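Have a look at the structure below, then the notes.
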Amino acid sequence: MEPWEEDGPEVVKRFMYVNRRAPYGTIYALECLEVVLIAAAFDQDVSVVFVDDGVCQLKKDQDTTAIGMKNFSNTYRALDDYDVEKIYVEKESLEARGLTEEDLIIPVEVLAADQLGDIMAQQDVVISS
Amino acid sequence: MKLAILVNEGPFTHQASDSAYRFAEAAIAKGHEIGRVFFYNDGVFNANKLSEPQTDDRNLVALWAELGQENGIDLVVCIAAALRRGIKEEILKEGFRISGLGQLVEAGIENDRLVVFGD
Amino acid sequence: MSTMLHLINKSPFDRNALDTCLRLAKTGSSVLLLEDGVYAAMSGGSYAKAVSDRMGELTFYVLGPDVSARGLDDKPLIDGIDVVDYGGFVDLVVEHETAQSWL
Amino acid sequence: MKLAILVNEGPFTHQASDSAYRFAEAAIAKGHEIGRVFFYNDGVFNANKLSEPQTDDRNLVALWAELGQENGIDLVVCIAAALRRGIKEEILKEGFRISGLGQLVEAGIENDRLVVFGD
Amino acid sequence: MEPWEEDGPEVVKRFMYVNRRAPYGTIYALECLEVVLIAAAFDQDVSVVFVDDGVCQLKKDQDTTAIGMKNFSNTYRALDDYDVEKIYVEKESLEARGLTEEDLIIPVEVLAADQLGDIMAQQDVVISS
Amino acid sequence: MSTMLHLINKSPFDRNALDTCLRLAKTGSSVLLLEDGVYAAMSGGSYAKAVSDRMGELTFYVLGPDVSARGLDDKPLIDGIDVVDYGGFVDLVVEHETAQSWL
């Protein structure tokens, strides 16, 4: 059953969170993740997209000891606990950066730009940062 | 129509807050309602009442507060983003309130559109 | 499918926001160029071809106040781009079901 | 050698201040002198004593102040950039001082190198 | 006479201020100009470079009325009064943006990348923002 | 002529800082890739050719702490790039007469 078919009169909207930035160089990756974790509690239809340098947020084996910043990459693993299951990564972005699905810290759905565009076009609310 | 706005940058370094303000002003002039303006990331700096631009420059902190008061707009500053950046009640411009990230999601749910302004 | 309004506020010379938007935006959606995004609307610039190439599939708008601020009123726009003011920006947001900012 | 540092961004949104801090720390460890750290643009937010990061995160405002005090480093916040952004004496972290842009030029003149960290 | 040949024992350094950002979209153009005007008082060898989107800072006929921001473009005219005379603009950057020297609000020296690189390589202090 | 150390802290995929640096940097100068600039050092990335093409003329360094933070320790670097830590960064600044940050 799709979320919008669930019981009750409440409207379910499709929310998409778009990540296009690398981690650590800017705080956007971390602060977007904080929004997604809150959003998961709202019973809306949530999806999270990683495109361009955003795909680098999911790279395995991040070790921030020497830069002194908090390593938040394990928090992506919590998305599943919060029932955030629609996690899309753009294939072209991975390839341009020499990364593959095996490099990522969580299971994701890798989509070509054309397919990802189709999903983006179906959203009600798009939050980028 | 009910519109919500997300502002991700402060009042000076990027044009985002200026654009958001002009957009809000124009929407009100056209008879739309601004359901909420949510300030996230460096956007929380828009609520710093100590901000003192040069006298021949615009003062976005004051402009947002006035627009909010005149039109009953809910101006919400994210508490998590504000805490780490040192925007606290003691320097919060009147007209803004500090609250949680849930208010952003709620704004997305309850308004017909959400428009994001950032870097 | 929602009708989408894509917002581009970055110079296409400095950032990849417009490139990615043009890669992912579906035929029938609209693109509003604002802030430093207005440099993508200039027909004399080296980015003009990337915009012109999708002119048949996407509808392009540029925010006039940002064009004037940057002194570009005397520079020709790419054929087919419509100029709007902040009121027109609001109308575009209202007319499209979803606004997506490519930050 | 005498090194000066220019920090153009605040302590959270960009890594600039982190990198500058690690660089300064390493320079001191190697026996160099940090002649001045100048905070410009959004860099002035590094001096906001109200900043309260999460407990498991680094606190750059405190780290800069400590590094400055332990090593006698002159931490200068640009008055013009600070005024418009609302960074004033009342919220200035101890160890920083507010002064004019001339202090940046002077830092460039009086030190052997000036390294810029920004966005 | 070159600045470093002037009287007195004081060292004169070559300071270069590099502008790579468009005006208004960010504050860097304005705040860099504020530094240059202060720097002019220090009797050092000052040059100002406009490259990439930085060349757009000098476009004539800026009118910020409708965006509500302060139009600071006339302040570039003050550079001459402050004896800041070494103002370099990269030719390739102008061309890519469909601009020519006639579009600029002040007289400048337009240089090809190769020549501009030579001048950059001679600086003692480079301040970018 | 001063010996120059060019600092690149931006991803080459998102920003034009490295492009412009490579266009303007003179033979004999050095480039340190740090923060998000480290993505330019990966041999598997589509930007590798732009860096390799100037490998004979410029000396490239990458900041190890930023490589590790981004989980890239298992990804091969472009041949000829040296890894430094913050101490090595300091040494580079000291050894070169001028540091130029391409912000």
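Note that the chains take the letters A, B, C, D, E and F in the order they are written out, and that residue 1 is the start of every chain.
As a convention for this text, a contact is a pair of C-beta atoms (placed from the backbone, for glycine too) under 8 Å apart; a residue touches a chain by one contact, two chains touch by 3 or more.
Source: prediction; values computed, not measured.
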Contact-graph separation of chain B and chain E, given in steps at minimum
1
Upon optimal superposition of chain A on chain E over Cα atoms, what rotation angle is obtained, reported to the nearest 5 degrees?
180
Going by C-alpha centroids, which chain is farthest from chain F? Tell me that one.
B
Does C-E or B-C have more contacting C-beta pairs?
C-E
Over half shared or under half: which fits the residue numbers at the contact of copies chain B and chain D, same or different?
same
Most distant chain from chain A, judged by the mean position of its C-alpha atoms:
E
Rounded to a whole Å, what is the gap between the Cα centroids of chain C and chain D?
38
CA centre of chain B versus CA centre of chain D: separation in Å?
28
Centroid distance [mean C-alpha coordinates] between chain F and chain C, Å:
33
Centroid distance [mean C-alpha coordinates] between chain B and chain A, Å
25
Residues touching two or more other chains, restricted to chain C: which are they?
9, 13-14, 16, 35-36, 65, 85-86, 98-99, 101, 103
Flagged in chain B as touching 2+ other chains are 8, 12-13, 15, 19, 22, 41, 54, 57, 114, 116, 118-119
Where in chain E do residues touch two or more other chains at once?
20, 24-28, 52, 67, 69, 125-126, 128-129
Show me, using the given definition of touch, all chain pairs that touch one another.
A-B, A-C, A-D, A-F, B-C, B-D, B-E, C-E, C-F, D-E, D-F, E-F
Given the complex with chain F, which residues does chain D contribute to the contact?
1, 3, 8, 15-16, 19, 22-23, 25-27, 29-30, 32, 113-119
Residue ranges of chain A in contact with chain B within the complex
11, 13, 15, 27-28, 31, 34-35, 38-39, 41-42, 44, 125-129
Within their complex, state which residues of chain C touch chain A.
1-2, 4, 16-17, 20, 23-26, 29, 97-103
Which of the residues in chain B end up touching chain E in this complex?
12-15, 18-19, 21-22, 54, 56-58, 119
In the complex, chain F residues that touch chain D
7, 9, 34-36, 65, 85-87, 89-91, 93-94, 98-99, 101, 103
